[in-house]
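Both complexes below contain chain A, partnered by chain B and then by chain C.
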Partner chain A sequence: MQQILKPVKRFFRKYGVAYAFIAVPVISMLLFIFIPMAISFYWSLCDFSGIQAPRFIGLDNYIKLFTVDKIFIQALKNTLLFVVLSMFIGPTLGLLTALMLNQKVRFQGLFRTAYFLPVMTSMVVVSTIWKMLYNQNGIFNTVLTNIGLSPVNWLSDPDMALISVVIASVWQGFGFETVIFLAALQSIPKELYEAADIDGANGINKFFSVTLPSLRSVITFVYIYGLIGSFQTFDQMYVMTKGGPVYRTTTIVLYLFDKFQDLRLGYASAIAYVLFFILVILSFIQWRLPGSKSTEA
Partner chain B sequence: MRKIQKITGRTILYIVLIVTSLIMFVPFYWAITSSIKMEQFIFASPPQWWPSPITFKNYLGMLQRVPGFPRYFLNSVLIAGAITLAHVFFDTLAAYAFAKLKFPGRDAIFFMMLLGLMIPFQVNMIPIYRILSSLKMVDTYAALIVPNMTSIFGIFLMRQFLISIPNDLLDAARIDGCDELGVFARVIFPLTLPGLATLIVFIFMNAWNDFLWPRIVLNSDKMLTLPVGLAQLQLKNTSNEAQIMAGTVLTMLPMILVYLFMQKQFIEGMTSGAVKG
Partner chain C sequence: MTKKLAPIVALLLIVAMLAGCSGSAQPAATEAATTAAAGTEAAATTASGTTDTEPVTITIWDYYGEATPVKPLIEGFEAENPGIKVDLQSLDWNTTLEKLNVVLAGGDAPDLVTIDMTWLPRFAALGAFTDLSTYANGELNGVPLSEAYSEGAMKAMTYGNTLPTIMCDFDTYALYYRADLLEAKGLTVPTIWDELEATLSKLVEGDQYRYQFLADTFHGAQFIYQNGGSLLNDDNTKAVYNSPEAVAAIQFEKDLLDKGLAINWTADQGERIQGVKDGRIAMFSDGPYYMGIMKSSAPEMSGEWRVAIHPYQTEAGSYLGGTGLSIPVNAQHKDAAWKFIEYMMRTENQIELYKTAGAAPALTAALNSDEVNVEDPYFGNEKVFSVFLESMKTARPFPYVRSWSDIDASFVTALQNISLDQMSVKDALDASAAEADSFLSQQ
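Let's look at the complex of A and B:
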């Protein structure tokens, strides 16, 4: 007995502390990430209401999602449109404002605070405020009618609602990109610009030959982080539109939430897995993208 | 000629900066002023840019209609506080193990964590809810705190800070007779304070603003956090925008105050992941 215990004891004396230090995160990771992930994959192949035991039905949920369920297809389209619009506008605004703030501006901190303030405000708060601004009789429409234009049905026009939500979301989020781009701009070595000056480059030349290449890894980060986040959009729609009008602002996660509330847990799990597969494919594309290695340093 | 060009350039730059800053500011301004307007002037045309008369009736009315509101505040403070404390403790310890200790399986476990980082919470949400509900833990503080005591992101963040601490320093402490916990408390902890500030700000903000999970796992009025309470408030009285704005201002104020006092940590917390890589 002693013989067997000795190496075990020595092992724990040597490594016990390290295992103790990582114990809670590892257990937590198993309990709250990997095990639930396996369970929900199984449920996604089941008819499961949460009351009776799950009944295995193979790929039926997935087939139904992509063939019969028009609302889910709409939710996919909405989410994709939301992602494309906000990922196009947000980082562009972020870069432009960061470039402006980088021009040795006075009160730089003050401007940065203005852009960043909404970033740390909860999305629920931001959405509540914008819902009031977008009100039929809200400030936007009052100003429009006072200067002689016709009011806009910001959140009730099916063709406008998603754009309105995008505007509010970009307003909330682009300050994050401003701050990140500004920090990255400030870390570009001055010598690079001096060398470009000697070569006789003008402002636009310098932007494309020095600034943009230096920002490459940060741009990749901003897009990956932003894509993952905006594919999971939920709060804005929940507060501002509840997915309407006519499901035109229903996102993948909002639809998942609805199905969860309806106790269609198998179906909801399948929706979660579709979202997961989309993110996996995106990560894979990013990983294979030329130049993405620089982000790992 | 060049000078004139330069001056006009600067002027345009400042005008654009000021206008965009105003765009950022106006919604906040409008929310705050609306909360102290008479209700009938909220949608007045032409708009009432400055509230007159100023009234705090909306705050009283909101608190009367939603007597639980102070309780939401307390819940948010307790939950976000507990989550942050847990992260500081567990993330830092684990990060230390990954950065400075050698043990069998370290790289494999680290790789698993990298994989775990890719899995969106929505995939795990429903099983976690079912597990918690079978343990009778739904609608408790624990339902929010227990699944969120540590995060892979936090461990990675702290690992970045810890890796830069020279090993010689740790060895010196060990020779002086410190055990691993002592090394951690006497050497690592003081040196990672800037990293910790970043972690605290980041985790606290996410916990404070979190919505989907609290919305799912909390039911009874006395358990709600501020964002969930605010969303529920809108269901309760859709008509009274003035009261809703009073609730909105009370919900956002604490975070804005914290931000104004800890701006540096906020900015660093947000950028450290991106710029340092």
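Let's look at the complex of A and C:
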């Protein structure tokens, strides 16, 4: 007995305090993340209102989501379209502004701050302001009519609403990408450009052969971070359109929220898990992608 | 020293964290910073305190916000019931709904909560509220319920054979119109649809002075009722809002839009009050609560507006809603909460509700009282509540079915499709009604 206890005692004397400290985040993760996740997964297999006891129904919720529920399919489409549009425009705009700011312009700090300010502003505030700008009698339409164009139904035209929301979201978010790209650009060794000059490369050559490859890991970071964020988008739609018109701006998370409000917790959990699986698959792909941080390390 | 301290610090962190998780937000317990054991003890005593001997504290959630009609009543209630203390929590409409969803799913439910009657389908179907008929025994403060309330109000408060709520203010729609404009053009108030269209065609000037069209169930249902239609059939098993009467009703609205007599008030039009002030809207349909908004947001328009029964085709019709007082099924002090309901529903306190919150009292006696049904100078000395009381007589609540919010959303989508020229009236309503039928069969 003593024989066994001795190494255990020694272990605790040596590492006990360390493990006690580790226990704090581990237990809190268990309590606040992993256990709720497990419960939520169980609920996703149940018909559960929160008031009455959960009733196990197997995969019915998931089957219903993908076969019967047209709104969910629409929400999935909207979310994908939102992700594609905002992930195409946002980082491109961010890279372009970063390249411009990197040209040793005057007041670089001022511009950097200006571009970053919207990022620090709450999305709800930004959305409220943009909702006013998009108003049928708002600034945009006033300008349009004054220069002789017809006004646009920014948020009530089913084909326009999502694009309007994307514009507002990109405006709010691309400063983040600008700052990240700018930092990365400034850390590219000058020697590389000098070597390229000696090899007789022009500006375009330098961009594609030096700048872009050096930014590879940063680009991957920006995309993964942005993808996860835009898949979870909610605030803009909640404030500006409430998912309308005719569900054309309903996103996965907004739909989940609606179902939660309607006390369909099982169904809402199933939606949450569909989103979770999408994000897991995406993260897995990026993890295996060449050039990502994890494979380089 | 530091070495000895480290494990203690680590242990304290864990304990603090676990204590944080124990949840039940007993403010007294946290304030005293006592141990977890003391906290549960305190909870136990309040739980057993339902007997008359020990004082109980009832928690009330009130969504009226600043204009709370509940707060002024507390002092008098506590004086009359020495054993009961009131803990009033002022929330807004949204927060109340969100918190209610959470606590009904297993938390510290309040003893009494103000609810929007449109929440009732979901909560009543799930059995979230105590059946108050066992407390009321058909009476409220000694007056039979059927006498205290109008027929429509009784219908709105009843779910199956149960009474999940007691209505304290009501909401029903009437026509708000610019009397000054009508007078200037020598027009009279329209009472039927044809007159509405004729009046509008003389009233509207370009994009000014139009009727406000809203693609929502409140207004869509109103037109359907006014043409003798309904949303669901009598036993709530099938959607009938694609019946010929209903299609004709929505078509009438659509025609007003197409002829430029109505303005499609979409999300990007801003708040209605802007349209009221800048003249884009000269007529709209809404409940009594909007009178307060007009008085506070457009005081300069005093005297220009009046209220009338909304024009109809075959019969007057409106949705019927309002605020109800409900006791969650997992509340701890139901007897005390019922006492508060009765106190709040006394006629004199119902009159106070009008004075403090500007809401329309649901009790017929209070509504007809001289204090409430006064001549309103803002509306040209019209007795406005008579109009809403008249409107309540034919108003009806939305159907109480579990899948109501799905049906509601589907109907709104159909109205949006129609008003945005995406689908024809018949096609959109047919498609939505089929969808509603599948929701009804699944519930």
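What we mean here is this: the second predicted complex is superposed on the first by the 281 of 297 C-alpha atoms of A that agree within 3 Å, B and C clash if a C-alpha of one lies under 4 Å from a C-alpha of the other, contacts with A are read in each partner's own complex, and residues count from 1 in each chain.
One rule holds for everything that comes next: contacts are C-beta pairs under 8 Å (C-beta built on N, C-alpha and C of every residue); 3 or more make two chains touch, one makes a residue touch a chain.
For clarity, every value in this text was computed on a predicted model and none was experimentally measured.
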Touching partner for A:240 - first (chain B), second (chain C), both, neither: second
Contacts of A:17 with chain B and chain C, given as first, second, both or neither: both
Chain B versus chain C as contact partner of A:59, first or second or both or neither: neither
Partner chain(s) touched by A:84 [first = chain B, second = chain C, both, neither]: neither
Which of chain B and chain C A:275 touches, first, second, both or neither: first
Which superposed partner A:155 touches (first chain B, second chain C, both, neither): second
Which of chain B and chain C A:122 touches, first, second, both or neither: first
Chain B versus chain C as contact partner of A:260, first or second or both or neither: both
First (chain B), second (chain C), both or neither touched by A:135: both
Touched chain A residues, chain B compared with chain C: B
Touching both chain B and chain C, residues of chain A: 17, 21, 24, 28, 31, 50, 131-132, 135, 137-138, 260, 265
Complex contacts: residues of chain C adjacent to chain A: 3, 6-7, 10-11, 13-14, 17-18, 21, 97-98, 101, 104-106, 122-123, 126-128, 264, 266-270, 329, 405-406, 409, 412-413, 416-417, 420, 422, 438
In the complex, chain A residues that touch chain C: 16-17, 20-21, 23-24, 27-28, 31, 49-52, 68, 71, 131-132, 134-138, 153-158, 240-242, 244-247, 258, 260-263, 265
Residues of chain A that touch chain B when the two form their complex: 15, 17-19, 21-22, 24-26, 28-29, 31-37, 39-40, 43, 50, 97, 100-101, 103, 105, 109-126, 128-133, 135, 137-139, 142-143, 145-146, 171, 175-176, 179-180, 183-184, 187, 217-218, 221-222, 225, 228, 231-232, 234-235, 238-239, 253, 256-257, 260, 265, 268-269, 272-273, 275-276, 279-280, 283, 295-297
Touching residues on chain B, where the partner in the complex is chain A: 13-14, 16-17, 20-21, 23-25, 27-28, 30-31, 34, 42-47, 90-91, 93-94, 96-98, 101-104, 106, 109, 112-113, 116, 118-128, 130-131, 147, 149-150, 152, 155, 179-181, 205, 208-209, 211-212, 215-216, 226-228, 230-231, 234, 241, 244-245, 248, 251-252, 255-256, 259-260, 263, 266-267, 270-271, 273-275, 277
